[in-house]
Each structure stands twice: as structure tokens, then as C-alpha cells.
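Read from first to last, the chains carry the letters A, B, C and D; within each, the first residue is number 1.
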Amino acid sequence: MLVDTGWQTFNKRLQKKWSISMSAVKIGIVGLGRLGKRHAANLRFRVQGAELKAACSIVPEELEWARTELGIAETYIDYDEMLNEAKLDAIFLVSSSSMHAVQSMKALSKGLHVFTEKPMGVNLEECKKVENVVGEHGDQVFFVGFVRRFDPSYSYAKKLIDEGVIGEPFLVRSQTVDLDEYAEFQVDFVPSSGGIFLDCNVHDIDLARWFLGSEVKTVYAKGGSYVHKAFEEVNDADNTIVLTTFEDGKMAVIAASRTAFHGHDTHTEITGSKGILKIGMTPAKNRVEIFDVHGARQECVNDFFERFQEGFLIEAQEFVDCILEGRKPIVSAIDGTKATEVGFAMTDSFKQGREIVLD
Amino acid sequence: MLVDTGWQTFNKRLQKKWSISMSAVKIGIVGLGRLGKRHAANLRFRVQGAELKAACSIVPEELEWARTELGIAETYIDYDEMLNEAKLDAIFLVSSSSMHAVQSMKALSKGLHVFTEKPMGVNLEECKKVENVVGEHGDQVFFVGFVRRFDPSYSYAKKLIDEGVIGEPFLVRSQTVDLDEYAEFQVDFVPSSGGIFLDCNVHDIDLARWFLGSEVKTVYAKGGSYVHKAFEEVNDADNTIVLTTFEDGKMAVIAASRTAFHGHDTHTEITGSKGILKIGMTPAKNRVEIFDVHGARQECVNDFFERFQEGFLIEAQEFVDCILEGRKPIVSAIDGTKATEVGFAMTDSFKQGREIVLD
Amino acid sequence: MLVDTGWQTFNKRLQKKWSISMSAVKIGIVGLGRLGKRHAANLRFRVQGAELKAACSIVPEELEWARTELGIAETYIDYDEMLNEAKLDAIFLVSSSSMHAVQSMKALSKGLHVFTEKPMGVNLEECKKVENVVGEHGDQVFFVGFVRRFDPSYSYAKKLIDEGVIGEPFLVRSQTVDLDEYAEFQVDFVPSSGGIFLDCNVHDIDLARWFLGSEVKTVYAKGGSYVHKAFEEVNDADNTIVLTTFEDGKMAVIAASRTAFHGHDTHTEITGSKGILKIGMTPAKNRVEIFDVHGARQECVNDFFERFQEGFLIEAQEFVDCILEGRKPIVSAIDGTKATEVGFAMTDSFKQGREIVLD
Amino acid sequence: MLVDTGWQTFNKRLQKKWSISMSAVKIGIVGLGRLGKRHAANLRFRVQGAELKAACSIVPEELEWARTELGIAETYIDYDEMLNEAKLDAIFLVSSSSMHAVQSMKALSKGLHVFTEKPMGVNLEECKKVENVVGEHGDQVFFVGFVRRFDPSYSYAKKLIDEGVIGEPFLVRSQTVDLDEYAEFQVDFVPSSGGIFLDCNVHDIDLARWFLGSEVKTVYAKGGSYVHKAFEEVNDADNTIVLTTFEDGKMAVIAASRTAFHGHDTHTEITGSKGILKIGMTPAKNRVEIFDVHGARQECVNDFFERFQEGFLIEAQEFVDCILEGRKPIVSAIDGTKATEVGFAMTDSFKQGREIVLD
């Protein structure tokens, strides 16, 4: 959490929370792919109060990596075996999406705290089941990885909104935009990812709900395969726009694109009755500006990992802090369900070509 | 180092460096004031390969903080005692400026690696002595805390320059500007800090030398107490400008101010034969823009600590990595001497009202 | 046209077009309200090749203003009288919206060139009639005042698109946003203006059609009275979003707001297959940045008049140039019809709460 | 003046000043080179209250241009002949620099108002003579073309300063930077232009004096031929920095460069006791941003003409308004003298390698 805060906050945390007398939270991570490795390294080296004790993966090379690079002694191919044998306080799920729900429920039932990457479940039924199990284990921390809430700029924006700086927020515009060079690679993942709305916009949906404090009522989605026709063939799109209304009449415009050339461009704008906040409109790589034959320019971040590296660290720290302090996280199982529900409604709206009204 | 890098870099470091088989570097920190606490927390919780084993301070409360908040068992009031009793690999000096040189030399003589906050010494003689001792211990890492070199934007700019993006650099403009609210508080420190040039511009001098790859030949300093007359009374200033030339005819304009209202504004511009790089021209607190009755605006960082929190972490990691890998750091004792030498020449120029030519 | 162009363009125009041997275009202006006065002053003092010969208004004070301030000798209360008596080449309509169509047709029938402020007609039938009359007078210039096309930044963006800088454009996001302080004043005008979509978004519709080169197929409009409930009472809104699709599958998101606090914020973004153009994202008043207790900030333009003062001059010059050179303008009667048609469809969609498919 | 102002200002001017009853100011222009043509076209077509009645040039083609493109009937090769024969109210000097002083004095002596492009004279003696003659003709308007004072952003900054927005200003940083592509072309002009300080920085000097309200006391100039060695051979430079102090201890840093690749980059920063104003830090060509493989970027203005096209129009209008209203301009003969005096002192300082103290 150091990364995003001034000295005062840092000092406050030191004084209040990370008392060395607390014993570390023993964590087992599941899944060591690209994002899993990052989470593992954070938990191993950067998160105070965490002890990354075990790792689980069906890929032997990933376990070897955990042993040699991170020094994790206990590695497992079988999730159930890890649950039974490793003496863990918490599970950190970065496994494939289809495993999140069942692995979450198993860990909760064993009395463990759970962090799960999004999506919480791959369909609404799964999500509801997880919600129920979470409800039955009210003393355990259940945390869905909506990392953008923990990015220093997003959390600062929320703070400003809560302080009334822009009055009552009523409109969110949010987008997730990836570099075109990754697009072709994504075509094969459409069947498992669920398509562009579930793949890209789950965070935007969560942010819109969070900033507006309301639930989605209708979605109306449009889009097309403007650059890569391959997406059309799998009934998906490479650029989409969704106009969403909320129960109290508020609105959101949620966009996704797989075809940017300047960088990964994930930004959000919140309009309120007294002002507007814009977060990350130019996704600058850093504070360097270049003035040359191309004009006055800034290079941009390449991907979600580069953009949200601070957020990944902060959310993991917050997960551990919630456990140590007996607090509830700001992201609940209901948030996980809602994001999935709305993502499916968007997909339906796009495929059916009409407005969908949520229950 | 995670903080500033994309996944590729992170992965590379994991694979190459932080092999878990290496034993951690045992470190003793000296000085636990505001900056010392931050360094201590980084070393304790965030720097891979580091074990913060001991702490030394003449302030009992600071040692109590180290014991209870960081869990440091070995605390010392006496520096020599720590050197003799704690089994350390390295010393991390965040003590008062007047102690840096002598403590550095003692540790080096004991065979320890040394990180010292700037300044390396409070006068040129001290610096030269340290340089000599460093020379006699060529196998030990000696690292001067020019933190701005390790800020992700500054190091990225250096990389672009080395790649030739702006051709041959010939002009640096760099400034260190503090919030006005801290100004009155600084008046009392002028005698010990050495005044505005040594206090504020040491980093700018180091950056100019680093980016231009040349040594300062002449300095011509002007300034005044435009807002706080108290500085004039101690023969100092609250705003200054120095025009500097280098041995090969290159130039730098180095500015300092204690009277900003928008934030801590430390920025640097490098002009080359093919383009210009600007680093941090607007010292934005984060990626949030506010649109309200005051216009379209960004809030700014408050102080050096907030601006360079990533740099403090990265330089500490780099210090440890240099030890583990047997590498020389990019900041040497000579850099420490030069910055001090030029800072004194600037002060002389300002006080004497004339150009000073360095030997 | 000087205002927006470098010396080369200026020189080219001088050499090619404004040959002094051409006789000036004799113009009669109709309507001298706020915008009418501005157009009149431009035609009188700034537009080359124009002679503002007559003025017509039903407000005697406005005619007095024309006589004393602009030196217009011939002033009329009756439009028909001006058409018959003044020896004019062209009519410039800045009258109330309900008069545009009938006055346009009368002037065309008299053999005069016509500039009409938007809207071309207050309903689709009127527009179609005007289109027909324009068709019957193919040698006369008919020009609809879509001023944003003539703003230097918008026309530069069009040039970049035509040059292929962003590949094939497929998505436009455009908005018209007014200061909140004018909102209450607008409530009374809803019945005559036709509401927020016709009042604010006609330019955005025109821009989307222009940049995408396609016609609107569906509109889906949402909105609400989030700040000023008075709009709801007249079945209008103070903030709206429309998701629009085009015949070839392209899209546009068109937004309107009457409740900004930072300034008049009219901006447009065009996404193509190779890049994105953004026009005027921060509606800065000028090139001044202020760094003070409010942060790093720019003041913004207050209203449409301040933002598009160059555009108003350039479009008037272009109207006159088209006459002098026998060219067709880039805005046709069809553009006027389409913008009105889509504006009504948006209004219907908003009021009926459903997608509207255009014929 | 329309260009830079909102409707309110425009309306105010219309009501107060340009009463049609005033007879137009009859103007003769001298010099129709690149800048002369621009001034001539403005006076002919855009400046209210001006009648461009005669033109003088030693280049027959330029006079032909004036006749055919601008319709100026009276053209002269001989300046004295124009003074004697044309019935003029005012002279507008855009002739070569060496002629400004003598032509100014002749026109003043004939009872004419005079606008002269900078420099007012090519040496201090000439300037003093002009000052004297101006003093003897106190009822005539004498106007030196410091166009940057009339740029909308610069004049807005002055207004903010006068309103106290940044408290008491004490430091100006100002630069004039040209595109590298024009550099080689400039080498031949060094003897007649007087070198980089007189050629580029005269405006910056004027701005520093204007914003600070004080006179230059010392100058200390450094620089070099970092890109084009040809400048060194004529004892000039392609990049320079001057540190300047003023009589009341205020400061300015004035920079010049002939070697930019991004555009003509003329910007100015004013620091005061309560805040900072920055004018034109990124010399954007317009409001368009491009997001593509080069990052997030803005194209920049190419040259002084493109950057200050509004200023050239506004200053000409102001010259005419001063005549019509019997007002003194904000730029006086003393301003012309001072800028030249300081420019020479800078040149001396650079050539002699030492600080120069002005009398």
C-alpha cells in the first residue's frame, strides 16, 4: 500500500495495523499463469502480514517456478490435496475462470478466507451458489479481485466523490481497450472467456455500480468486428458500446475495444451534479513527455498488467489486512454476481439486437 | 522494482536475480526520522533479498517504533556498538547529514556495504576522504541515495536518451520546488542544511551530470527572498536560478523554490540535437482530473516523499541487488563528491554575486 | 479564414481566390439577436468579398444597432420587402428557427443564395420542402450553418481522416455540454427548441454523419433531469446519451448536458481501424495554465460563441467563397434534413423509452 | 479582436468604439515580404476602421501583388514619395530592420501615426533618436510591434496577474524556439539580424519587462552551436540561455533555440508569490489529439506566423483603435529602446563570456 500513499497514510497504517505481534496469514495460491505469477510474487515479497506457504497448479513447470524462484516448499497439482494437507488460513484463486466458483466454495467450506480473481463464476447460477456459501461463512473474508477499485487513482476518485466534490454522481462512462496486437490471439478464447463483454467490461460494470451506488436495470449493446472479421465468425465483436440504465434512473456508457494502437486504454469518467472526474484519460506509461518529429507526445501503457501493477499489490494487501483486522472487504460476493449478471445481459443484448431488462 | 515495470521486466528479474538460494543481505539502518522510517519499512517489508536486522538511533522513541512496528529485535543507540555487535552485511545511513561521511567510512572499514543518503559529506574534504576509503574497499558496494535516478520516469528518460531518441543531449533544465507551507519551518535549518542550493539542488546537479555525461565548469547563481524575508536574514533565498556550463560546453539551468502553492514540483527537461524529453512537468498526484468551477484541473503531489515513493523502494532494491550480484551501482562516490562540490560553488556564487569557475 | 491557417494556406487563398476584380457579394441578414449580431459584424468587417448591404429584424432596436454600429443603411422590418427592394445576391438567415424554412424557400425562389442557421426546418416535412426547392435552384449556393465543421480543429481532424491517419473510422463519440448557469433559462425554450436533442445534438449528429460517411439507422436514447427537475416537467431532460448505429454497422454515442460547471464542453472523438482522434477534450479558454492552491488547471470556454468564434467567421467566408467561385458547399440541404430527422428520432426514442429504427 | 474574445467583449467594443461615424484611418504600408503581406491583408480585410490606401516596396513584384490581390491603387517604390503624395494618416513599417528608425522619424515628422515592426532601431543610438522624435510628437500614436503582448493567451495572463491571481510576480522564464529546418537558412542572416539574442529574444525581453514591471540590471549569457557548427563560425549560437536580474532583484531566464523538431515553441512562465502562470507550454497546432502507434500526441505549430496569427490581427486593430480613440498604446518607444539595449547586452555577454551590468 506504500505505493499509492503519502507518508501520513503510510505512517497511520504502520501504527494501526501491521503490528508485528500478529501472526502472518498463511496463503495458498492456485494458478500460476501470467497473472498468477504476479500475484504470487507480490504475496511472497511485498504484502505485509502474508506468508505464501503453498502453490497449486496443474502445470508442473509453474510449480517448479514457485519452488525455485519464490522458494515455496509446498506445491500441489491437486487442489483438494492442498486444502487438506497444507495448513492454510487463506486461498488465493488465479486459476482458470471455470474453476473459480467450485474452488471458492470448497475453501470456504474448509473455513478458509478466499480471494478469487474475477469472474466469481462463469454463469449466474454458479455466482448465486457462491453467494450462498459465502453467506454461510460470514466470519470468513471473501474477496473478488476487482482490481481497478484498488488502483490509487480510482480509489482517490471514490474518495473525492464520497467527499461531495462532484455532488451526486449520475453518469459513468467507462471503457476497457486493449492493444490491437493482442486481438488475433483473443479469438480462440472467445468460447471460454464468454466474449468481449464478459472478458473486458466486467470491471467497468463493477466500477459503474460502485461509483453510482445503484443496480443496473437495462442494457442495450451494439458493436461489430470492424478490424478483425474473425470475431464476427464466433459471434463476438472487436469494438462494442453499451448504454445502461440503473434503478434510480442513472446511466452508464460502457465501451470495449480490442483494436487500439496507442496502448491499453482503460479509463473512466464520472459526471455528478457539481462536477466531473476523469480517471486516466491518457494512459501515459509514466511522467515522460517526448517532443520530436511526431509532435508533443506521451507513450502509453501496454497492457492491464502494466497499468494496474499498483492495484494488484494494493488489493492483495487489502485482502490480508481484512483478514488480520476482521474487516469486510469493499468488494463482496454480490458484486461478483452482479458483474457477471450484467455481463451476460450485455452479451444477450448484443446477440439479440435489443434492449434487455434485468430482473 | 515491481512497481515501475511491466510484466516482462518483472519476469526477467525473477528469473535472473532473486534466486531463493541466495541468502538475504543483513542490513542495519541508522536514523529513523521521517525518511528513515520509510526506508526502514521498505527494507523490512518490500525489498527482496533484504533482512533488516538492526536499527540505530539516538532517539529512544524511534528504536521503540522499530521494535514494535517493524519487529526489529536488535536496536542500538550507539553506532559503533552496532557495527561491532550486530552481524551485518550492510549499513543503510539515514542519519543526520553531518554523520554520513564518518559513519560511511567506519562501515566500509569494517568490510560492510554502505548506502548513504545524500549528501555524502557536508564539505568537499569529507567527500574526498570518503572517496578514498571507498577506493580502498573496491569490492564493497557504496551507494549514494540520488533517488531521482531511480524514479521510473527518470530512469525511463535515461533509457530513451541512451537509445538516441533525442540525439546528443546538450541542455538540462531541472528544478526542485517545495510547497510554501513548509518554508517558514526551513529557515531554522539553513545553517545545518547549508542553504537552498545544497538542500534542494543536489539532486538536480546530479541529474544534469548524469544526463549530460559531463562535469560542471562554471556556475552563476542568482536569487532572492521574494516571499519570506527570513531567508535573507540568514543569507539564504527562497527562490534561486543557476546557469551552469559544463566542460564540453553543454549547459544546465537549475532552479529551486520554497514557495509553491500547487504542490511539490520537481521536474526536469533534457534538450538534445533531435528532440526534447520533459519529466514530470505537471506534478500530478495521480491520474484523476477534476472538472469543476475551478476549471479543468489536477491536484499535485505534496512533497518529495509522495513524489518519489517508488524511487525510494527501487533504489533500496537496487542497493541489495548490487550486493547480491556483485555489481557496481550507477551512483558512485565521485557522484556524491561532485554534487556537493557544485552545490558549494553555487552557494559561493550566490553569496559573492559572481560566476564561479570550478577547478 | 486567416484565423486557422498558416501562412502557406493564407497565401494560396490570396493568390487563387480573392481577386479584387470580383465584385463583392451583396448580403442581407435576417435576425440580429445574439448570434445574428455576431454574424452581422463578421460579414460587415471580416469576411472578404462580402458587402453587408441590408438587415432585417422585427425588433426595432436591432435595426438601430445595425445602422449605428455597423453602418447598414438599408434596414427592414418586413422580410418580403427586403427581398423585393434591396438588390441582394444572398440572404443570411439568423432568424428564429420556425422561420428558416419559409424564408429559405422565398429567397431561393427569388434567385438568391442562402445561408441558414440550423435547423434548416423545424420538422421533417419542412426540411423536405426546402430540399426540393434547393434542388430546383441548383446554381444557387445553399448553406446550412453546421459551424463545427468549420472550426479549425474539426476541419483539421477531417483532413487527417481523409489522409488515412486513423484508417477507416467506425465510431464517433460526440457531445454538446453547456454551463449549468444557463440551464434554468433554457426550460422556457424547450417547447420552441424541440428539447435537448434538437437543441444540443444537431451538430453532433451532423459530425457523426460527416466523419463516418454513413447514415443513421437506429437510435436509442436515455436521459434524465438529474439536476433541474423543471426539465422533467416539460418532458425533457438535462443530461442525455444516445447510442446510434449506422447503415454499414458503424456507431456513434451522442451526449448532451445542460449542467456543466467547468465550461462549455463540446468535444468529439473518432475511432478508426488504425488510431483515434480526439477534438477539444479539455475545452481550454486559451493557452494559459494556472498553478495555484487549486492545483494545475486551465480555465474553460464559457459558451458556444466563445468556443466557435473562429468557426463562425470561417463558415461565413466559405459561404461567400462558394458564391464567388461557383462551388458547392460541404454542407448541403440533405445534411440539414438528416440532422433534423435524427434529432426527432432521438426525441421519440427518449420519450417512448425504446429504440427507433429510421426509414 | 473578435478572435480572442467572448461575446461580451465583442459587444462592448461594438458599442463603444467602432462607431461607423468615425472616418477610417488611411494607412500606407512599407515592406511586403512574408510578414508584410500578412499585415497588409489584415489591414485590407480584417481591421475595422482601417483603410489600406497605399503600399511601398523596393520589390516591383510585391507592389504588383498589392495591386492585384489587395486592390491597392497607390503603390510606391520610394518611401519619401509615398509620404509626400499619398494622403495618409498612418504608416505601417514592415520594411527591413535597418530602415525602421529612419522611416519612423520621417513619418512622425510629417505628422503621421507610426506602427513599426520590431526592432525599433538596429542600435541603441538609433533607438534614442526615435524616442526623442516620438517625444516631440506626443499627440501621434507610436506603436512598436511586440506582437506577443497581443496574443490572446499572453494578454489574458497579464490580466490575471493584474488581478492578483499569482500575487507579486518575481520570476519570468521565456523562450523563443524555432524549427531546426529553418536553421541553416538563418546563418546568412546573422550579420544583419544581429545574432540569436536580437533575432529571437527581443520579444522575451519585452515580455519579462512587461510582466515584472521592472528594468533589466544584469545579463549573463551562455550558449553554443550544438547542432549547426556554422553559427559558431559567425560568432553566434544555435541554443542560448540568459540569466537576467532586474533593478528590484526580480529575475528572468531567457532562452533561444534554432534546433527544435516538434515545432515553433515559444512559451513563457511567470512565477509570483501566490502561484504560477504558464503560457503555451505545449505549442499545439490546434485542439486535435492523435492516439496512434506514436502514443498520445499533439502536432505543434510550425512557425511564429502560425502561432501568432491572432496576435498580428489584434495588434493592428489596437493600433487603429488607439488612433481613432486618441489613446496611447501599451507599447511605447521606451519599450523598443529597452528591448534593443538588453538584446545588445546579451550579445556582448555571450561574446565576452561574462556578466554585463546595464547602465
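Here is the rule we use: contacts are C-beta pairs under 8 Å (C-beta built on N, C-alpha and C of every residue); 3 or more make two chains touch, one makes a residue touch a chain.
Because the structure is predicted, anything quoted here is derived from the model rather than measured.
Note: the chain lying farthest from subunit D is A, by mean C-alpha position. Remark: among chain pairs C-D and B-C, C-D carries the greater number of C-beta contacts. Separating the CA-averaged centres of subunit A and subunit C is a span of 43 Å.
We define each chain's centre as the mean of its Cα atoms; on that basis subunit C and subunit D are separated by 35 Å.
Subunit B and subunit C have CA centres that are 56 Å apart.
Chain contacts: subunit C has residues 260-262, 274-276, 281, 290-293 touching two or more partner chains. Because contacts link each chain to all the remaining chains, their graph is best described as complete. Partner subunit C is touched in their complex by these residues of subunit A: 168, 170-171, 220, 222-224, 226-227, 239, 241-243, 245, 249-251, 253, 255, 257, 259-262, 271, 273-276, 281, 354-355. Residues 260-263, 265, 282-284, 290-300 of subunit B are the ones that touch subunit C when the two sit in their complex. Every residue of subunit D that touches subunit C in the complex is listed here, in rising order: 2-7, 10-11, 14-15, 18-20, 34, 37-38, 41-42, 45-46, 48, 68-71, 152-153, 156-157, 160, 165-166, 274-281, 285-293, 301-303, 305-306, 309-310, 313.
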